[in-house]
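So, here's a batch of structures to check.
Here chain A shows up in two complexes: once beside chain B, once beside chain C.
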Partner chain A sequence: MSYVTIDQVTKKYENQVVLNDISITLNKGEFATLLGQSGCGKSTLLRSIAGLEDVDAGRILIDGKDITNLSPRQREVGMVFQSYALFPNMNVFDNIAYGLKMKKVKNIKSKVAKMIEMVDLAGKEESYPHQLSGGQQQRVALARALVIEPKVLLLDEPLSALDAKIRKSLQKELKRIQKELNITTIFVTHDQEEAMTMSDRIFVMNKGNVVQSGSPTEIYTTPVNTFVANFIGNYNVFKMDTFRKLVRSTELKGDEVAFRPEVLKLLPIGEESQDLQENWRLKGIIKDVSMTGNILRYEVESEDFSFHVDDLHHRGAIFDQGTHIQIILPKKECLFL
Partner chain B sequence: MKSLLSFHKALVGLLVIYLLIPLIGTFLFSIAGKWDHTILPESYTMKWYIELFQDERFFDAFQRTLFLIVMSVGLSIVIMLPTIFIITVYFSKWERLLQAAAMLPYGIPPIVGAVGLIKLYSNSLIPIAGTPWILIGAYFITILPFMYQGIRNSLRTINAVQLVDAAELLGATKFQAFRTVVFPNIISGILVSTLLSVALLFSEFALANLLVGGRFETLQIFLADKLNSSGHLTSAIVITYYSVILLLTGTVLKLTFKNEKNPAGKKKNRVLSLLRKQSRDKKFALEGENS
Partner chain C sequence: MRKIKKQKIYLLALLLPFILFVIGFEIGPLAAMIKNSFYADDGIQVTINQYLTIFKSDFYMKAIQNSLVISLISAVISVITAVIAAYSITKFSQKIQNRLLMITNMTSNFEGIPLSFSYIILLGNNGLFTLLFAKMGLDVFADFNLYSWTGLILVYIYFQIPLAVMLIYPSYQGIKKQWKEASSLLGGSKFSFWHRIGIPVLLPSIVGTFSILFANAMGAYATAYALVGSNYNLLSLQIASLVASDVALKPQLGSAMGVLLAVTMIGALWFNEQMMRRIRRDLR
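Let's look at the complex of A and B:
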């Protein structure tokens, strides 16, 4: 039984389609991510669920209740904004208690205290937003959204304004809290790595459409088209006729071929250990090499085609620029799209 | 580094002197007895002030001016605050129109505006020509740019749209969101706009003279009338109403300072930041008075 249903939702700005007939269903407690480049409609979809944008067609249901035409305050959703949107005139305690006061709930003090503990902000109750760091502000925003016990938690790129280290630790914490409360969560991001670490399910969006949905592994290993392949995995994508020339094979079908940069192996010239039944072997030259820490990223050229190869960074095993090498491409890792 | 700092200080000092000299000169002239060919007055007297404070016309004029200011500034806040808020938050595409409208008063010289208003209302069904009410209407327009800029900038600074979104998602109605989240954060902006407007209207002469003139003698019309009889007396008038503005500004700022004081306000840096803000506001208001 689906908990959140987005049924054929369409939204247009003037004549531009921002959301094109989108249908999504989520189960209770699921952590779903809307992933896409800026302008793909992911934030608009999130804001539509929150009631901050009207939709032109379609329905949105939460827990069996049609909320399409309800005002934001009646929807029972919590939202965290990219810029936090904390109330500058209130301290941490009052910010978190705001929703409870508006709903005239009892036991405000104990509920807020519990929430403050959960987001690890004990001792900061009296501080004002401008006295807190970005990470702390985001925790307050999260606590403020969660304390009213919403049915769905909406997160609009909540971590993108933070630096890498704090982002990583908040990712973990967010995930922990989400599991602890078992709250259905919709997360919006443009960062595919963040989407993969956090999500139970990813919806890849492009130009107002959901182009693919599935678990992080599914999305990463079997992208349905070249857009997803390029966006999610930095795939090497070739037109089929050029690829046929490259591997000297005529039996291949499909329009395009895609393979991930980490499935390729580089070997020095002369070394022969790979099975040629299962691999293609190409000759090439290293055009460029860059290091991202644990990964070595080569740009390799073979017969005027260039592509990326990722290799784990083993000490001393770096091919220099200009080195002639063999490239081993396992056939089963190629996706024919 | 150090020489640069003292250069900056010297520059600020020069500016302060430049702004204060006319004020000090006026003050000295208002308490001067004989002052012909010396740098400072030869003798001092309070007789100009005594004469002024015994003149009932002065108090009447002062009251009229205050009445006009309170009415027009009050009306402006009551009408413009919700208008600007609603347009910025819900009808942002109309913002340009409002902005253009708010800038119009700059483009129309008071004389042109006054003549136009007299023509328009002299045979109008709304019989306000020659009464203070037409002046209140004109003043409302005069201070529109200040009110608009001040309120809109405050709304922008706090990102009012998103704060309202957040409050609504937490269960607040639009009105509750405005009252609890937006208003407390823009009050200082409104205050600065108000003080600027008050200072501006205190010294408004052209519109008052042309639209109502002697029928409703305001402070500036009284001042212009006295200009012919005694320079000392007019100086005393100017200094008196400057003091009133200063007193008003100080009180209002002090009051809001007290209001903003909250539990965490006791912490040193909060107080410091408020003090800094307060002195900045004060300077801002003073500049307005001197213009």
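Let's look at the complex of A and C:
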């Protein structure tokens, strides 16, 4: 049975639909991500679950209990904000203890101490937020949300304000803690890579709708439409009639074709081509090369069409700008949408 | 390097008029006042008698006490009112907020003699409202005397509140919405938010405002003078009569009282600072 149920939730701001009849179910212990560009409704949905926004229609259930009309403090959810939102006048201990004090729980000291250990902040109990780094502040915020043992943990772009290295390490830690506590978690992000590494399930949102949901692999390899293809995998997307001209085939069906930049292979002119039954072979020219660490990103032009090709960075095997090359496109990697 | 140095010299040159102004009109008179306070009435003999005179005189001690009490009461009432009023202002739309602030700004500059006369015209013995209510048979103002302690406090509060609102209002912008949201998600009520987070965060500005109001009331002269003349025994009125009256000019004694006025203000500042540090340990 599902643990969190979002049932036909709709929300409007002055006639503009922000959440359009959204239905989602999550299992206990699941790490779910709402992924989308800013303004797609993902944060609004999260805030509706927290009770910080009212919904115009629909129901929200947690553990079988209808919480749609409860106030935030009655919902038993924990939330971490992008801006940390730590109380500046309280030290780390008091920040974490706040929720326990509000709920008049016993053994506050030992519970807080346990949390501080879990988020690896031992020794910082007396520090104030302004004395901590961004990463440390976010750990405190996480501990503060978790210490009250919420049924669901809500994370609103919690890592977006951190620099890349700390973000990576906090991603891992967040995932570890989530597994350790087996807490149902809803994570909001606009970063597809972050969504891929963290989630059990991803809900891709666009304009107030969930356009696709599934495991990271499903979302990545089989996007249901060009929006997801563009957003998730940096896919090359072509209109079908232009693509037919490019590969000189008239049998292809569908409106659009999409393929990921890393399925393409570049070969020097004259080199033995691979099986033409399974691949299309195109001639092209390198328009631009850029390097993102281990990946080489080519912009290739073929008969007035340009697309991206990603290749692993092998030493010395870089095609220079202006080089004429062959492009090998495996037929089975093409998605016809 | 040389360029930077040159720039610094220009900047200092620009500051020069300001520095001269401060020395000439602020530090100079202050030093003169302190110096004067240690001279006898003849202005030649160095003595601490002026201070002894004040401390021994019930009359002058009463003036200090009256000033302290009226300043404390008016500052406390004004700060509390302003904390609530400024918060309610933040709840309006930006347009209305701007208008309210404009009115506040205007009224905060409405003090001194014009203010006193407005009060006299409206609430004095023959004031508009006093007579109107009397004619209507309502005796709301029957026991009210503008030229009294209550009247004086009322007028002080009137000019203190807008100033306090102006000073406290900006600090509400520093209260983040997410703090409230986090507090409510953690099970906190509105009261616990304000009690444990909101007010402590506002505290530095509340305390600062309180100090300014206190000093403002301690030094207020024209309002009180216009309203109660020399009928009421206040420190500022006594100083004025000692340095500028037609009867008994005693500038040295006046200076000594001026120094005491300054000391009480510094004392108030120091006390506030201590209180704040005790509550806001993160600011140390």
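Everything below uses one rule, namely that the second predicted complex is superposed on the first by the 336 of 337 C-alpha atoms of A that agree within 3 Å, B and C clash if a C-alpha of one lies under 4 Å from a C-alpha of the other, contacts with A are read in each partner's own complex, and residues count from 1 in each chain.
Assume a contact is a pair of C-beta atoms (placed from the backbone, for glycine too) under 8 Å apart; a residue touches a chain by one contact, two chains touch by 3 or more.
Here the structure is a predicted model, which is why all the values come from computation and not from measurement.
Participant: Following the overlay on chain A, give me a clash-or-fit verdict for chain B and chain C.
Facilitator: Superposition check on chain A flags a clash between chain B and chain C.
Participant: Looking at the overlay, what does A:52 touch: chain B (first), chain C (second), both, or neither?
Facilitator: In the superposition, A:52 contacts both chain B and chain C.
Participant: Looking at A:38, would you say it contacts chain B, chain C, both, or neither? Reply first, second, both or neither.
Facilitator: Touch status of A:38: no partner.
Participant: Look at A:277 in the shared chain and tell me whether it touches chain B only, chain C only, both, or neither; answer first, second, both or neither.
Facilitator: Neither partner.
Participant: Considering only the contact definition stated at the top, list the common interface residues of chain A for chain B and chain C.
Facilitator: The answer is residues 50-52, 71-73, 75, 77-79, 81, 83, 85, 87-89, 91, 98-99, 102-103, 128, 144-145, 148 of chain A.
Participant: Mind listing the chain A positions that touch chain B in their complex?
Facilitator: Answer in residue numbers: 50-52, 71-73, 75, 77-79, 81, 83, 85, 87-89, 91, 98-99, 102-103, 126-128, 131, 144-145, 148.
Participant: Taking the complex as given, what residues does chain B use to touch chain A?
Facilitator: 158-159, 162-163, 165-173, 176, 180-181, 184-185, 262-264, 269-270
Participant: Residue numbers of chain C touching chain A in their complex, please.
Facilitator: Within the complex, chain C touches chain A at residues 176, 178-179, 181-189, 192, 196-197, 200-201, 280-282.
Participant: Looking at the complex, which residues from chain A come into contact with chain C?
Facilitator: 50-52, 71-73, 75, 77-79, 81, 83, 85, 87-91, 98-99, 102-103, 128-130, 144-145, 148
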